[in-house]
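The structure follows.
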Amino acid sequence: MNFKASIIAGFLKGEIEGDPDIEVNDISKIEEGRPGTLSFLANPKYEKYIYETSASVVLVNKDFKPEKPVKATLIRVDNAYEAFASLLDLYQQSKPQKKGIHKLASIHENVQLGENLYIGDYAVIENNVKIGNNVKIYPQVYIGENVKIGDDTVIYAGVKIYEGCIIGSGCVIHAGAVIGADGFGFAPQDNNNYRKVPQVGIVVIEDNVEIGANTTIDRATLGTTIIRKGVKLDNLIQVAHNVEIGENTVIAAQSGIAGSTKLGKDCMLGGQVGIVGHLTIADKVKIAAQSGVISDVKKEGEILQGSSAIHFKDYWKSYLIFTKLPELRKQLIELAREVKELKNSK
Amino acid sequence: MNFKASIIAGFLKGEIEGDPDIEVNDISKIEEGRPGTLSFLANPKYEKYIYETSASVVLVNKDFKPEKPVKATLIRVDNAYEAFASLLDLYQQSKPQKKGIHKLASIHENVQLGENLYIGDYAVIENNVKIGNNVKIYPQVYIGENVKIGDDTVIYAGVKIYEGCIIGSGCVIHAGAVIGADGFGFAPQDNNNYRKVPQVGIVVIEDNVEIGANTTIDRATLGTTIIRKGVKLDNLIQVAHNVEIGENTVIAAQSGIAGSTKLGKDCMLGGQVGIVGHLTIADKVKIAAQSGVISDVKKEGEILQGSSAIHFKDYWKSYLIFTKLPELRKQLIELAREVKELKNSK
Amino acid sequence: MNFKASIIAGFLKGEIEGDPDIEVNDISKIEEGRPGTLSFLANPKYEKYIYETSASVVLVNKDFKPEKPVKATLIRVDNAYEAFASLLDLYQQSKPQKKGIHKLASIHENVQLGENLYIGDYAVIENNVKIGNNVKIYPQVYIGENVKIGDDTVIYAGVKIYEGCIIGSGCVIHAGAVIGADGFGFAPQDNNNYRKVPQVGIVVIEDNVEIGANTTIDRATLGTTIIRKGVKLDNLIQVAHNVEIGENTVIAAQSGIAGSTKLGKDCMLGGQVGIVGHLTIADKVKIAAQSGVISDVKKEGEILQGSSAIHFKDYWKSYLIFTKLPELRKQLIELAREVKELKNSK
């Protein structure tokens, strides 16, 4: 389907500079722009590409001032990245949507199904599950007994949700994620072995949460592991039993949160971060990639780095000296020599 | 189902303090106790909650001395946590158990099935598999050819076990775990590329092992990767080819053990630990979270921390000074100035 | 099936020392050799086992000079490890191969299937998928719409490939890997929450790539995430949106590469390495396990270690002093005392 620049500009409430009748039917990165595609320029680092791109139409910020001639037709908008994201939304919504309940889905007894569902082949929906409207459940998904799933949620292929867990509305759960496996709880016995502590709690995932591929969120020992609304979890993250993650907190891939820790809202964790159990982390805290947190963080907005983590500026000051330790030791040895000389010369 | 406090006390051989006829039908955390529920107090940190809780019955240690009046009926036992765990066991066993072989399971030829099995929908059991009694295999599990599984083992949804692997009795394997994928073995060739070394060994998992969600245990190149009895592995752990993990060793999430390393028994590894290949680690060794081990650990009971790991006390002494390096450098500069002055003043 | 030593020597163009008529029907590690098996000795560390092994036949390097009598029949070859790998190849190829399309595979419309395929039970092949010749797709695999898969590729149980991704020839993808899940892209909004940026790109995996169990490779936001030919990825690795990994690069388990980073060819990454986004890493770079890379690496063949990573030799010099910081501080305090004395004594 072709769209004229003028139609796109109208939709985005933008201003055209160039040919309003030029047509596009696909999108492209500005550095890989092809004729007939629409691209965007938001990050100034990429400005050089706008002078070379073959994209037919480029979205730019209102205040963009080209330093050289630009071949493409420009559409000026308030925020080129946001505008482009809106078009991506449209683009994705225009694709044919999966729907219907595949005849090879296995739906058990007393299941409540909403309207306008997609349930793929070889999905298993156990007894007493309740699924809202417009939910998409891809093939080979497992939904355990008594699970509840809110409206408009998308669950990709092969996700496993253990019994009793509750998933909100507008969530996206990527392939291979496991929700509600047993927390890691074992009571040490006299003979060095362990007795499993039954994990009878659940996982609650509130609305608009996104969960990455192969991420694991364990059920509570007792009570609930809670992922608050708006949280975004990347791939391969570990969330242990009884953890609570506050609203709109964002966590990058391969991070792990140990049991019963409570993360505030609006936090940001880099990749491969570890947080030990039973801690409380304040709101808006940022933790740099690969850091390890071993005590409560009480200060809102604190920024931490290192293993174990300290204030990031202190970390960098120390780390810089770490890289120069051989020099520092040399200075110390030299100084000791001089002091010895001074003492001897007395 | 309702239980009187007196019945519970009888089962636990505990002593009632309060109303022996009060009834409970669920369990709760003490800080979230509701009427009609049973809770427990083991960790003194939580003592304050016992004076506020609405739980009807609370298990406490025999020697617990309340400092204020307690509304709940108490049951005094030797070990409140253990006693509560016993009740959790009962609670879980009282739930209806999955059983039967679902008509949508795909069971291939020459499979030996024990008694009292559960095999869920879309599970695949390949040729010549042997499964013991009372085994539960959840939906969408894959059991490769010639695999053997002992009695009473539970394999959750979507677990994949490659051909020839051997799983013991009383094991629990959580969703998404992969047992027996190829070890990471490639022989470098002249033109910078690699030739795959076929991985013809297997994985042996002994009795009473628990394996977390999305954990991966690779088959041996030749011979066996062995997880000894009583080992507990958390989620997202990597166990490479030919590794051996000793009895009752416990490993927290996201740790990784490289090829051919031999871990002792009764070891404890924190989360995100890494151990390089071809090492031998003694019994009862403890390794702190995020540590990296690059050489043999010969001392039984050693406690290690850091990357690369050293004795944990030495690590903390050094790390504390690391956080004060800017100060230390300042002292050094000041000292150098003073020495210079002394020299000049001679 | 039994093979005479003479037949094996003929196949390997090796030289027999011992009984040419002795027969073997299995392979073994030299330290666990049993009669009737063939083993090999390549690593001198294992030489002691050749004098004790019960293996009937052992492959050794041409120049191997036994220091004691050896009971086994030897076959001398140019490279015992390579020769053994060739035999492993033969061994594996001699096993019965999976083939045929299982009647419980769900194959949707307009799918192009090559010749000599294996497609297992409960695999789902969506519309418009194109599959080459000799491809093996194990049970419970999900292949999204419009995916293309080259010849001779093996996809193990439960792999999930999202729509539109392209997989080359001769690839091996292990169980639980997820190819093409959404990149982790969210635009911050005014009210602290996030708007999902649709991820409309794809993943391209070139020829002869191996991907480990439960590894995740995200689709590009726009354009492609590319894994170049010959790349080998271990288990539980995270590859973010728009990453490019150069030819023949090898990455150990649990490493993570953040968005838009470009790794050169012939690189080697240890386990649990993290690389931040938008970087360019030169060819032949080596990064030690658990290191974190936060800036471009321009020097071909650079070797890095630490978090954040520096040249590995500098890292070790600094780390060694780090472990001796308490001593260094003591020296500094002692020196300060001496200087004070000197000043006072003037």
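As written, the chain order gives the labels A, B and C, with residue 1 at the start of each chain.
FYI, a residue touches a chain if its C-beta (ideal position, glycine included) is under 8 Å from a C-beta of that chain, and two chains touch if they have at least 3 such contacts.
All values reported here derive from a predicted model rather than from experimental measurement.
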item	value
Same or different contact residues where chain C meets its copy chain B, judged by the half mark	different
Turning angle required so that chain A lies on chain C, C-alpha fit (0 to 180°, nearest 5)	120
Whole-Å gap between the CA centroids of chain B and chain C	25
Contacts with 2+ other chains: residues of chain A	122, 140, 158, 176, 214, 236, 254, 272, 290, 307, 322, 328, 332, 335, 339, 342
Complex contacts: residues of chain B adjacent to chain A	27-29, 32, 81-82, 85, 88-89, 91-92, 102, 104, 120-122, 138-140, 156-158, 172, 174-176, 208, 210, 212-214, 230, 232, 234-236, 247-248, 250, 252-254, 265-266, 271-272, 289-290, 307, 319, 322-326, 328-329, 332, 335-336, 339, 342-343, 346
Chain C-touching residues of chain B, taken from the complex the two chains share	106, 122, 124, 140, 142, 144, 158, 160, 162, 176, 178, 181-182, 184, 186-187, 192-198, 200, 214, 216, 218, 222-223, 236, 238, 240, 254, 256, 258, 272, 274, 276, 290, 292, 307-308, 310, 314, 317-318, 321-322, 328, 331-332, 335, 338-339, 342, 345
